[in-house]
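Some structures to go through are shown next.
Here chain A shows up in two complexes: once beside chain B, once beside chain C.
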Partner chain A sequence: MNVLLPDTLPQALELLSQNGDAVPMAGGTDLMVHWHVRPEAHQHTFVDLSRLEALKPLSWTADMLVLGGLTTYWDVIRDERTREEFPLLVDAARQVGAIQIQARGTWAGNIVNASPAADGVPVLMAYDAIVVLESRRGREQVPLDRFYSGYKQMRRRPDELIVAIHVPRRRYSYQVFEKVGSRRAQAIAKVGLAVTRSDAGWRVVAASVAPTIRRCPTVERLLETGAAVASPSDLLPAIAQDVAPIDDIRSTAHYRTRVMARLLYHDLRDFWGK
Partner chain B sequence: MTTLTVAFTLNGKPVSLDVAPADRLLDTLRYQLGLTGTKEGCGEGECGACTVYLDGLPVDSCLVPTFQMTGRRVETIESLDARSLAAFERCGATQCGACTPGVVMTAWWIREHPDLLGSHTVRELMAGNLCRCTGYDGIIDAVTEAVGGEGRENRKR
Partner chain C sequence: MLRREALAKLTGRERYVDDLPLDDFLWGMTVRSPAPRGRIASVRFGKDIDWSRFVVVDHRDIPGPNVVALIEQDQPVLAAESVRHVHEPVLLLAHRSRAAVRSAARAVEVVVAEEPAALDFRAVPAPAQIQYGKDNVLKHLKIEKGDVERALARAPVVVAGTYETGAQEHVYLETQGMIAYLEGGVLVVKGSMQCPYYVLKALQHALGRDETRVRVIQTPTGGGFGGKEEFPSHIALHAALLALKSGRPVKLIYDRGEDMAATTKRHPALVRHRTGLARDGRLLAQDIEVVIDGGAYVTLSPVVLSRAIIHAAGPYACDNVRITGRAMFTNAVPFGAFRGFGAPQSQFAGERHMDVIARTLGVDPVELRRVNLLKDGQTTATGQVIRDGTDRVAVMERALELARYREKGHEHAGFNATHPTMRRGMGLATFYHGAGFTGGGEAALKSRLRVAGRADGGVEVLSANIEMGQGTLTVFTELAANRLGLEPDDVIIAEADTTRVPNSGPTVASRTTMIVGGLVERACDDLRRRVGLDDASRGQAVKDAIRRWHREHPGEPPIGEAAYERPPGIEWDDKTYRGDAYGAFAWAAYVTEVEVDLRTCGARVIDFVAVQEVGKVLNPTLARGQVQGGVVQGIGWALMEECKWQQGAMANNQLTNYLIPTSDDVPPVRVAFVENPYPHGAGGAKGLGELPIDGPAPAVVNAVARATGTDPRAIPVTPERLMELMENAVRG
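The block that comes next holds the complex of A and B.
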């Protein structure tokens, strides 16, 4: 195992450009799980991001919230303004592990870990977040809902770092985050759901029911058009268009589909056409 | 790379030592520094037995690489006053004791930051510390009592 310890962002980007297979490490809450019994996990070059002060602060501009590449869940939980303007970020952050994980885990790490069961990604996607990637060659911005191309596949080149996440400020008339797990705390989602409505329209984002976190365009269209939905079962055809749940250690495809239908039906009962 | 040198503040005093790149903070504390109050439970960030403070926040030391510690502030259960346990004894908040150091670390942090109780319940703040003996009510009572509450609120469910 080799560790590279840059002090600044330009140094970190330089190291990533020279070490094509290097793994950036921030809070370590994913990379370090079962670390001591997985020696194969040590056979990498790691680039430690923890000293990159420039990536730490959370900040506000006139039209967006900017999460730094090292902003943690706890940073967001403690930010009064985020609690008011983007309550789903706080709701989701409070359901990631517990304080010990929230204090270390980062939003950018949640995005690049690319778990289909992530808690942070669905709420960011429901707020139309934009991923800001930087390498020695420059910066690019990728909308989060176009960031993933398949299971653990994403639009980040090995020499790029997520340096920021931009969350556009909008007036939301409806927003909800749901996480169904085996326990109320310290659980991984069997089904997750983030729904928002703004002038930009409805956003319905599902977790743990597909190889990636993803938007549900068919369900969004039902909401936009006011289609008649009289029971959870009426949503099953649209759900089948949008997601592809599987049986695994945490749940079954059948359970996930049914629970997603019920969550959507009951949470949005005021909006379904009659 | 065989070793690297890290220098940080541990329980208020500066320490400097050579560590292996793969060492977890938990290993460094227990096996290099002899601070065995911090326990290893699950090794995957679920149980909280290895809770220490990193720059004042509770973290699972099994998920912290020691190479990140340069310039940081670490505090372990050894830094706490033994009186921090009084409410735990009164409320029956310990049995086998394996989880207790981690539980006390989180409890003490809540006690030092009572403003957190404006937005969080004791139960939510303690959710990262698993205990397989007490059934939690004794722990929640002890923490509630330690922060100046009645200590029995959670029994009125």
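The block that comes next holds the complex of A and C.
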């Protein structure tokens, strides 16, 4: 195992540009889960970001919340203002693992781990978050809902680091986060759902029902157009357009689809057209 | 008093086997079968590794018979020509570096010429799958009372039902682990275990050593639940073989993945009931068939089956009972001891069936139980006359009252009619658990125990029964201190070291307090007599007499002894399965309230009341803890703990995918005891450890059935399964 310990962001970016297959390490919580059963991972070069103090704080500007590349779930849970303006971030953060994981795990790490069952990604996506990537060649911004291209596939080059996540400040008239696991805490989502409504319109984001976390444009359109929905099964055709759940060790495609329909139907009861 | 080992555990100072200092040792690792059945065609060693730097052990290195001695001598220490299950141990490796031995184990390929495996214990095996006897049946057992066929033919109503229970993983916090080394000519094996003398016997047998050349020491054990009853003999033998071959100390510690994949679990079971009833619900005939999955070797399956069938008829009076049991051979990783030992499986079926009967007859489940619960003077299925003075109906009434069962029933009717997405229901189970070894088992064990007087006037209890979190150290301390009028600090409990402690039997079967605790008391009495005191002497008089003895007999401490004696009037016939199956039964009624979310089909237990009669409660804190722990384990088994099988081995062998309840998944468990001292148990106590795992699953599933109008027959009732049941109910 080879661990590189940059002191500054430029150093980190330099190391990433020199070591094409190096793995950036933030909180390390996803790496550690599989550490002892994936010995092949031990051969990697890791770039430990823990000294990059500048990436740690979260901050506010006039029109957005800025999460740093190393901002943790706990940082968000502790932030009064986030709780008021982006309560789903706090809801989701509280459902990640246990407190120890919440204290170490980072939002950027959650994004690049690219798990279809992530807890942090759906709420960020429902708030139209923008991923800020930086490399020695410069910065680029990618909307989170266009960041993934397939299972564990994403628009991040190996030399790039997520240095910030921008969350635009808006007035939300509706927002909800649902996580369905096989138990009430410390579980991996079998179905996740983040729904928001603002001047920008409805956002419906689903987790654990497709190869990536993704928005559900067909369901969003039903909400925008006030289409008549009289039961959960009325939503099934739209859901089938938007997601592609599978049977796996945690659940079944049938269950995932039905639960998604029921959560959407019951949670949004006041908004479906009659 | 403060729990004996509480501070060491709270402060992290307790040293489990993996924490023990060990000089110049090797890490051991096990190479296992990739296939469920077949001939070992070859074992290939990877070319990139310098194998001369590893200690390699296979079946040819075993000095004695290649057998892990238990009920049948059928299970090899290391597979020789063939394998019978995935993860069967084939080869052992050791090296100074844990990382090196891990990668080396992955570089060994066991090539198996596969043969047809039997993987479903419920199916009749095809001829090519037969591997044990004529029909793959490891054990047949039968209980008969009265004339079942005649009674069924005459019964006004007959209700039939089939029920299934899944395997369960123990999830002890400390995984299996052993160290082994030579001390002169003596092989020392230390580790996490419930039964030091089982390990000793297995080592002696396979290594061809007498007891003067083997020493087994139990280390502080982080949970067992039966998982450390028979399995530690395997890992002890493996560590010992590596230590003998290398001449160096060897440490063999399973990580969680290996532990979950390769060690025993609770036996899956299928139970069929056919019950003849009078119109008012009185039981006229019970015809019960119990089938359990034994896995690829006999292990303890015959005795698990025995306990399963003895408990299958429930705590009810019925004149005509037939219970047949079969333990099936399959090519699954062998199943083994787990808290309850067959009784949770057969009582899940029995108590679920009681609610199915109630629904079929249109009677109240409470009334159905009330008319059938055993009254003093009536007999169990084996013909054991129950006459202990416990009012079993009163135990049930107490639980119903504490849970507000009837009021809640009315509240739920209103709630369920109006709530858009939630449904609530109450569930009840009445059940029992026999303590100690079955039938003549305790007499055959011939348990012995000693209490020695120390030079300072205090005493030392020498027993092979161990602490694994359940409180043995504390209870034995209290029993000895109370018996002799000493302070708890005057009592020490000896380390369970087979060169020092006599064989007081295994720490299993809810026997430690009731039976071995009785030996503690009697050995204290014997000690008092040895030092010349009468039975009334207590406290300072005892200490003075012990000190005097030491002055008069330097180097020869006074020793009190006790050996098990069968309580008077207990008779058991193992051939006919008639008689007194247990010295005592503990009785219980559990009531639970469950809430089901119609959106997710997830069931959540929101209230739990556990009332039991366990004789005299010796230590209320420990007793409550045992009940609460058992209830949580039972809720997990009922609702979420599910082994996913692939070729007879667990595919979800991680704690991220095999989920046990968190504190947020269970309500406060409200515990109450009805006390009715048992004259032959220590301090009036009956066995308690296993009782609380028997009742939660049927109580919870009965409540789920009530809340949702479904009829679940198999556990775990996962949300996925409940969704299917609810959809089918709507369609049907």
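The rule is simple: the second predicted complex is superposed on the first by the 271 of 274 C-alpha atoms of A that agree within 3 Å, B and C clash if a C-alpha of one lies under 4 Å from a C-alpha of the other, contacts with A are read in each partner's own complex, and residues count from 1 in each chain.
Simple rule for what comes next: a residue touches a chain if its C-beta (ideal position, glycine included) is under 8 Å from a C-beta of that chain, and two chains touch if they have at least 3 such contacts.
Bear in mind the structure is a predicted one, so any value in this text is a computation, not a measurement.
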item	value
Touching partner for A:Gln100 - first (chain B), second (chain C), both, neither	first
Chain B versus chain C as contact partner of A:Ile249, first or second or both or neither	second
First (chain B), second (chain C), both or neither touched by A:Ala200	neither
Partner chain in contact with A:Val33 - chain B first, chain C second, else both or neither	both
Partner chain(s) touched by A:Ala240 [first = chain B, second = chain C, both, neither]	neither
Which of chain B and chain C A:Ala230 touches, first, second, both or neither	neither
Chain B or chain C, by number of chain A residues touched	B
Partner chain(s) touched by A:Ser182 [first = chain B, second = chain C, both, neither]	second
Residues of chain A contacting chain B in one complex and chain C in the other	33, 36-37, 42, 184-186
Partner chain C, residues of chain A touching it in the complex	33, 36-37, 39, 42, 180, 182-188, 191, 249-252, 254-255, 258-259, 262-263, 266
Parts of chain A lying in touch with chain B, wherever the complex brings them together	1-3, 5, 25, 27-29, 32-37, 42, 46, 48, 50-51, 74, 77, 94, 97-101, 103-104, 184-186
Complex interface listing, chain C residues touching chain A	99, 102-103, 106, 255, 257, 420-421, 598-602, 604, 640, 644, 651-652, 656-657, 659, 661-662, 664-665, 718-720, 723
Complex interface listing, chain B residues touching chain A	1, 4, 21-22, 24, 27, 43-46, 48, 51, 54, 57-60, 62-65, 67-68, 70-71, 106, 119-120, 124-130
